[in-house]
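Pasting the structures here.
Same chain, two partners: chain A is paired with chain B first, then with chain C.
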Partner chain A sequence: MEKQNRKGWLYLLPAFIFLGVFMIYPLVDVFVYSFEEGYNSASQTFYDTGMYNYSYVLHDPYFLQAVKNTFILVVITVPVSTGLALLISLALSSIRPLKELFQTVYFLPYVTNTLAVGLVFMILFKKTAYSDGLVNLLIHWFGGSSVDFIDGPYWAKMFVLCFYTVWVVMPFKILILTSALASVNQVYYNAARVDGTSRFRIFRKITLPMISPTVFYLIITGFIGAFKAYSDAVALFGTNLNAAEMNTIVGYVYDMLYGDSGGYPSYASAAAILLFAIVLTITCINLLVSRSHVHYS
Partner chain B sequence: MERQPDYNQIRKSAHLRRIAGNVAIYGLLALWAVIVLFPFYWMVLTSVKSYSSYNAEHVPSFFTLSPTLQNYADAFTTVPLGQYLINTLIFTVITTLIMVAVITLAAFAFARLEFRGKNLAFTLFLSLMMIPNELVVITNFTTITNLGWRNTFIGLILPSVTSVFYIYLLRENFAQVPDELYYAAKVDGTPDLRYLRKVMIPICRPTLTTIVILKVIECWNSYVWPRLITDDPDYYLVSNGIQEIRENGFGRENIPAMMAAVVVISVPLILLFLIFRKKVMEGVARGGTKG
Partner chain C sequence: MKIVLEHLTKKFPSRNKKSRGEVIAVNDFSFEIPDGRLIGLLGPSGCGKSTTLNLICGLQKPTGGKIFFGEDDVTDLPPEHRGVGLVFQNYALYPHLTVKQNITFPLENLRGAEKLTKAEMERRAYDAARLVQLEELMDRRPGELSGGQQQRVAIARALVKTPRVLLLDEPLSNLDARLRLQTREEIRRIQKQTQITTIFVTHDQDEAMSISDLIVVMKEGVVQQIGMPQEVYDNPVNLFVAKFLGTPPINVFRGTVRDGMLYIGKDAVLAVKGAADQEVFAGIRPEGFLLQEDGPLHCALNRIEVMGRDISVVSSHECCEAPAVRSIINAENIVDTSSKTVRFAVRPHKLFLFRKETGERIPFTVE
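What follows is the complex of A and B.
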């Protein structure tokens, strides 16, 4: 038995070492950092402990801007992408010819490099001195006037960011929803058809309750994912997100840690913990709300 | 006499309604397919337009009559795109190999071996799944910097060679292998490691393949950690490479060459996906995130 004990832990050892060094220790350390005031990464000294880092971060206009951007992004993209994915999955599950082709095409954004394809979006939306870009061409066709989506007004930049985020997250949602829809027992639909129930009523009274756990799962992961948005914004607006007014909370954390305004791991830690607190709160609210709306069979 | 309902009329209108419904459904699906595919079309199209013809277009044109591969040559000669690709390949292969070894051993311990503290350790592992990367990245950055591992492959690779979630996924699969096989092997005096290699891994190959594919996608696209850890272009991965190209590469205006680089970066994963389509989609449905 003693030998078995040693062997078991021996097999776990590599995983434990890596997790200990790169997850458990940092998790403790990030809280320590966040309370160390005036930490200097060169000399590794600090002069006091307290809440100053949090107060600094909460009064930093860049952080407030990042929080605002992140919340707008979350509030727009989560409902839009979930709703759109539901609509597309319903359409997908009601057809037979070409279904596989559509599924394959819809999945493509998942396997692309966010930074690389973001560059394509930037070019599609960008307005330069010599060309208005493709999206503006479309706007012209419909009689609008051109807008610079990359360096222009705030709402335009936010629109591009939301659009790209939805484009990126859709494959995952469509995939999960399609398989949830496929697993609904056909018996319910047949019974409803015998009763002559309308399509909309079938959707509301059968489909939606049956897939509600999946929808809810997507909403929770969607919230968490959208709160951590960062690379999409970098892909569109470049690394200096503060200048573009398009920073996100995660972006703020990394900027504080490293980059032009970097070198402040304490501020970064405080911001990261604030982000984690926000995400945790929202997830708890989601869980509470779901109790009355989700039907687990 | 009671009037007979006109069955023909009813059938016809039902038929029409079904057709209209189908048109709407296919219309919606086609529209989204266009939105998904268009950026890919545009990047390929732009990458084969010549620099001068692209810049001469005040109104972007939807096709080109004189495609050129010059931009691809530029992408490999003017900027070190080849270097970025090789770096990413090294990073991806080594990270995936180490990770598979680490998680296989851990999953085997949790699924098959009996030892004191196993349940406690497993609970601890599971609770680690909830920890967001953003919280730990700050200290990891400091750790790697203090070890002097910035701009090295070790620094890039080590923090991402374990995944609690994949250990969990693999353990669940290992646990399904019947105990009898293990006892039979024990009676024959087979060592555990050999049993793992000759029995467990072959049986659970589908799950391992899924994990490998997901990890490869993750590695190929990783951006945040490589950006923190490397500032020497010799160690850039493709994501950072493309950012570098965008900011100081060809000169900001050479969009066609940038698009050629984007195509080169995107193609490997798209090919991987098209070859292993079923596996990738199954894998993501079981354990993917990003959404």
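What follows is the complex of A and C.
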């Protein structure tokens, strides 16, 4: 038994070493840096230890802007994308002709490059000297006045960012939900039909509880993914996100490390740890809430 | 509520895309099921019995024919308006709901004038639960129940709306042998108590024979015979029915009728008056053999199986379709096990003649 045990650990060792070097050590390091003031990675020196980094970051208007943007993004895109994905996959699973075609169409964004999608969105929304963009053409057609979605007011930019994020994350959710819906045993629906259950009640009382573990999985990963948003914003608004008021927390961390204002690993670490704390809290709340609503068979 | 099936037919498009044929699951089924009876739909798998059940409950639409409940034509009604309760083979209990929630589920669907109050629902749920003796388990979830208990929840759920017709699809197939005996008694009791016309589907002839008022034997979508269990057993219309009913199964011999005498091999077994000269299949029920020292049928003795009340003599005959001839005789008989052969006489009413080509029954009279 003892020998068996040692063998087991031996087999796990390679994975442990890699995880240790590339995951655990950096995590611990970031935690340590976040308390070291003015850490310099070249000279490996710092002035002092303490809470100053956190205090700086929390008073930095750019960080506060990034937190606000990220929260708006999370609060809007997670429910909207999950809800829409649920509706679309319900529709997909109830049609027969052209089902495969629609499934493929809905899955296409998943295999498309983020930056390429960003380019398409530019064409749709960006105002240039020559054209107002496709969306503005539509707005004109309905009698509205044109809006600059890329360099214009805050709400317009936020709308484009949310629209873009929802569009990018939806295919994966649709894929997962369609397979979850397909795995619900048809016999439950037959039983419900014999009892004359309305379609809405079938959905609420049978379908939803049966796929609740999948929905919950999508919500948790959706929250985490949205909190880590960065590349979407870059694809739409370029790298100078602070100027565009469209920065996210991860974007702020990146800028602190490498951006124009770069070279502040201590601030970056503090911001990263704050993000970690936020995600952890939200995930714990999610888990608590889910306990009474998710049914594992 | 009596149920009338008129020329009921269900065809499915063939799965094989190349051949454009159709599979006929139910073929021209006409039958009137009397009110308040327990009917067993019996047949081997794939004979169309489950399809018939689905047609009656409305989950599938017939290709042709009509279904009446009493005087109402329900052929085009959706299942919820037919007033049927259906118990599924794997019960189909909602795993995330408690027993009570499962039983009240159909009641909560009632709308408009039929809508019930909470208290009324509760009362009805408890009535149904009491009928199947489940009151103690109302707050459990299906996952925490045994197979037999789940079965009873499914029956309670089907009965709670007091349906006009109760349908059970292979109700006992997921239970172990002991529970099966118990549950089939239970089904019989519940049916007697509620007096609801009940149809159940099974491939187990034992099950069907033991509790049904009437059994319907089906083969490849075609009804073979309808009758009271004993009647069908004693008087099968063809070789298929004869073979399908009875454990141990009937012994089938290749035989010849010549001058009103049935010959099996060289043995002149029985005088069969009225049967024309021809090659036949002769079926003899296991209990149709009598040990007799000068009996006409000579068989090679293989072994004796003691079953307590009876003994089973396993022998063989070159004309028998099966490798062994199984006969069941009273244990008072003493069989000489050292002997190589055993001789039987045959009880005339336990022997049936069938046409070689069609398997149809050939009538004869015994002198």
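The rule we apply is simple: the second predicted complex is superposed on the first by the 275 of 297 C-alpha atoms of A that agree within 3 Å, B and C clash if a C-alpha of one lies under 4 Å from a C-alpha of the other, contacts with A are read in each partner's own complex, and residues count from 1 in each chain.
Heads up, the rule we're going with is that contacts are C-beta pairs under 8 Å (C-beta built on N, C-alpha and C of every residue); 3 or more make two chains touch, one makes a residue touch a chain.
Computed from a predicted structure; not experimentally measured.
A.B. asks: Is this a clash or a fit when chain B and chain C both end up on chain A?
C.D. replies: Aligned through their shared chain, the two binders fit side by side on chain A.
A.B. asks: Using the superposition on chain A described above, determine whether A:198 touches chain B (first), chain C (second), both, or neither.
C.D. replies: A:198 sits against chain C, while chain B stays out of touch.
A.B. asks: Identify the partner contact of A:38: answer first if only chain B is touched, second if only chain C is, both if each is, neither if none is.
C.D. replies: It touches nothing on chain B or chain C.
A.B. asks: Taking the superposition as given, does A:190 touch the first partner, chain B, the second, chain C, both, or neither?
C.D. replies: In the superposed model, A:190 contacts chain C only, not chain B.
A.B. asks: Looking at chain A, which partner touches more of its residues: chain C or chain B?
C.D. replies: Greater contact footprint in residues on chain A: B.
A.B. asks: Touch test for A:50: chain B only (first), chain C only (second), both, or neither?
C.D. replies: neither
A.B. asks: With both complexes placed on chain A, how many Å separate the closest C-alpha atoms of chain B and chain C?
C.D. replies: 8
A.B. asks: Going by the contact definition given at the top, which residues of chain A touch chain B in one complex and chain C in the other?
C.D. replies: Correct list for chain A: none, the interfaces share no residue.
A.B. asks: Which positions of chain C touch chain A when the two form their complex?
C.D. replies: Chain C reaches chain A through residues 57-59, 78-81, 84-86, 88, 90, 92, 94-97, 105-106, 108-110, 143, 161.
A.B. asks: Considering only the defined contacts, which chain A positions touch chain C in the complex?
C.D. replies: 185, 187-188, 190-198, 201, 205-206, 209-210, 295, 297
A.B. asks: Across the complex, what residues on chain B touch chain A?
C.D. replies: 22, 25-26, 28-29, 32-33, 35-37, 39-40, 42-43, 46, 55, 57-60, 101-103, 105-106, 108-110, 113-118, 121, 125, 128, 131-132, 134-143, 158-159, 161-162, 164, 167, 192, 217, 220-221, 223-224, 227-228, 238-239, 242-243, 246-247, 255, 258-259, 261-262, 265-266, 269-270, 272-274, 277, 280-281, 284-285, 288-291
A.B. asks: Using the touch definition from the top, list the residues of chain A that touch chain B in their complex.
C.D. replies: Of all residues in chain A, those touching chain B are 4-9, 11-12, 14-16, 18-19, 21-27, 29-30, 33, 41, 81, 87-88, 91-92, 94-95, 98, 102-117, 119-121, 123-124, 130-134, 137, 167-173, 175-176, 179, 218, 221-222, 224-225, 228, 230-231, 234, 238-239, 250, 253-254, 257-258, 265, 268-269, 272-273, 275-276, 279.
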